[in-house]
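Structure record follows, encoded as structure tokens.
Each chain carries a letter (A, B and C) given by its place in the written order, and its residues are counted from 1.
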Amino acid sequence: MKLSRRDFTKIGSKIVIGAATGPVIIDALVKKAQASESSPDGDYDWNKHYWGYVVDTTKCIGCGRCANACKRENEVPFDEPVYRTWIERYRKLKDGEMKIDSPNAGIDGFTDDIPEEEINKAFYVPKICNHCENAPCVQVCPVGATYTTNDGVILVDFEYCIGCRYCIQACPYGARYFNLEKGTADKCTWCYHRITKGLLPACVQACPVGARKFGDLKDPESIVNKILDKERINVLKPDLGTKPKVYYLGLDREVR
Amino acid sequence: MQPHLKKAFTLLAIIIIAFIFVRSIAVPDSFGEYGWYRGDSVNELRNQPVEHAGSQACSDVDCHKTLYSIWSESRHKTVNCETCHGPAEKHVSNVRIMPEPANDSRDFCGLCHYKRVARPGEFPQIDPVTHGENLRCAYCHNPHKPWFV
Amino acid sequence: MESLVWGYVYPNEAEIQWSILIVLYPYITGLVAGAFIASSLYHVFGNKEIKPVARFALLTALAFLCVAMLPLLAHLGNPLRGIEIMFTPHLTSAMSGFGYIFSFYFIVVVLEVWLAFRVDIVKTALNSRGWKELLYSALALFSYDISEKALEADEKLGKKLAIIGIPSAAFLHGYVGFIFGGIKANPWWSTPLMPIIFLMSAIVSGIALLILLYLIVIKIKKYPLNYNTLYSLAHYLWIFLIVDVVLELLEIISMKYEALEEIEIIEHLLAEKIAFTFYGIQLTMGALIPFILLLLVGVMKNRDKLKVVMVTISSVFIVIGVFAMRWNVVIGGQEISKSLAGTLTYEPVFFGQEGVLLAIIILILPLIILRVITYILPPWKDMIEENEEAVVSSE
């Protein structure tokens, strides 16, 4: 009795191992490992583009139309404190203190609640996901639900994200938020549905003063390359080594 | 090896094989197509509907050609139609769907033009208290062609 | 709402992302790692004084291991997708290995428990009838060989497993520390010391928990207390506590000494946000007082009653202090804005998916599981036998 059972397990296990492991392991490992060079859709070749973004802080008037357009373009919950882009206001007081704020991301505009006499200098800084070349959010996603596309945009797969929020913790720029409705992380896509159709991101299109510029880094004639070739630019938190692709003109040292 | 240990390890092996098997079924087919992610999600995100059509979409002969040509030569030409009028892609694809009316309140124009200390000084700004006697801005200024009263 | 925020925080930071459940997760895995390492003191290093609680410690580790995954799962936005971490682990992520490391460790602990209790299981299977026979026969995998040769093989494998078990326990928990320590965006987390701090505090909390559970069992079952065992545990507790506190202080001191860009916001955090839980509970109650008490326990002669009280107080304080340490890391780190220009405040809710109530349930659950496991696999005779031997030998 005992012997036959042992024999059964022996034979059974051999059959199972032989039958299951071979094809399954090959399927699981080999197929999943090969990354294709092709583009996901025929009408747009993502290998021909590499997107970049320029923010000219010296032009920004703080009207908040960018943040407004973004919420409406991308169905970002309008009444919740979650934003794919926002405008910060910096006011350096005469006593040396730096006052920073961004009420409702600037969508409702800014009001002067500190008298002008007390202010030394003041300016606005638009913020958006930096679509870092070396993105910490992509690095920390445990399941591969956020990724960098071949054209340099960082996206979130809403069907696959488990909602652990590690990426939100890892983003040094506060660009990510938790989408309560979907139960996933969410963030700016540079309007991937627009730029792959030849349109501009909604925020760039909405800006009335041209403080936001968007273009193809692979195209030497693009507006972004023209600025990068000519101007002195900076990025946010360069010391973290994230290599942002949102480049700033006129960035103050106190902007983080 | 002792038979009981053999059994234990066989059990373990079966569990592991079952896991590998389930995994091979459960992982989406497009996963790993381009990288360590679900390849299909790229197109899913590309298929998100466009909401802002862009000013060019308003310029059609049968639509707002006249207004468009006035605007496109005015100082407001950098202000996209939809920045004031709101997203209009639905209206462009079906004219029966009317976009929301443009906000013509003083405060809306003030988002750009009220005097604010953080704004670049050369940008045209007014003091809402002293300027225009609380009238709607459009009473004097044509938003499509400002600077002509 | 306004008063909860000080200075400037990024607009998306209005909500704290990792709640009390994520405080529990490293706390519970810490208890697991600690209890396991305590049992290894006997199983690997052959410390005879630990023997009365060695198997009990293993069961404690198993009981807490069973729920370690729970707070994480409950916290996910899409809990049903959690298994993806096993299916498609993204290897650049510090979190992705969790599923596999956890599973590996789980297998090691289960196997070790099985080997440690196999004699008992087989004996019970042979001496009982009905469902009980079936249950224990199944647990014995229908192999009833407890000959000397078989047991020798068991012991050999058990020792091997325990040797594998120590690094995997260390890895499991050091790794939890790395999940935080590897986040360069957060200056309060980002330090290479984090894994080792987590590991040391894990061992400390695990041993303290084991002491408490041992004392409770003694009380309930009215067994005679084995002082040698208790003092030996207290001794190890003291040593690991010293290492732990030194590392924690080292982290703070080097942060303050190097005084990088983020120092202002960290000093604000320490002074305004977590002053009580950090200086008060984590350092004074959870480290300084137990350190002194355990030192006294080590040097004092006789006065066993008082020493038991001191060990008990130390253990309670340490278990609470380590929880505060987890709190200060997980919540404290999120209370500073990544703008480095402001702080926000975590307000726990009681009910709901991330509420305090659920946290309490998850903390009580392992105790219930432990009760069930010890019902099936009673480790009690170790506590009595060893004590009798000790009594005999001392006479």
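The criterion applied here is as follows: a residue touches a chain if its C-beta (ideal position, glycine included) is under 8 Å from a C-beta of that chain, and two chains touch if they have at least 3 such contacts.
What you are looking at is a predicted structure, and each value in this text was computed from that prediction instead of being measured.
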item: Taking each chain's C-alpha mean as its centre, the one farthest from chain C; value: B
item: Chain ID, smallest distance between chain and overall C-alpha centroids; value: A
item: Contact-richer chain pair (by C-beta pairs counted) among A-B and A-C; value: A-B
item: Where chain B and chain C are represented by their mean Cα positions, the distance between them in whole Å; value: 47
item: Separation of chain A from chain B, taking each centre as the mean of its C-alpha atoms, in whole Å; value: 14
item: Cα-centroid distance, chain A relative to chain C, in whole angstrom; value: 36
item: Set of chain C residues in contact with two or more other chains; value: 87-88, 90, 142
item: Chain A: positions in contact with at least two other chains; value: 32, 144-145, 160
item: In chain B, residues with contacts to at least two other chains; value: 3, 7, 23, 27, 31, 36
item: Partner chain B, residues of chain A touching it in the complex; value: 6, 9, 13, 16-17, 20-21, 24-25, 27-28, 31-36, 40-41, 44, 58-65, 69, 72-74, 89-91, 109-110, 112, 116, 119, 122-124, 144-150, 155, 157-160, 189, 192-194, 196-197, 199-200, 202, 205-210
item: Touch list for chain C against partner chain A, complex; value: 7-15, 17-18, 72, 75-79, 81-82, 84-85, 87-90, 92-96, 98, 142, 179, 182-186, 334, 337-342
item: Residue ranges of chain B touching chain A (in the complex, touch as defined); value: 3, 6-7, 10, 13-14, 17, 20-21, 23-24, 27-28, 31-52, 54, 76, 78-80, 82-83, 86-87, 107, 110-112, 114-120, 123
item: Chain C-touching residues of chain B, taken from the complex the two chains share; value: 1-5, 7-8, 11-12, 19, 23, 26-27, 31, 36
item: Partner chain C, residues of chain A touching it in the complex; value: 5, 32, 81-83, 86, 88, 98-102, 104-105, 127, 136, 138-145, 160-166, 168-179, 182-185, 240-241, 256
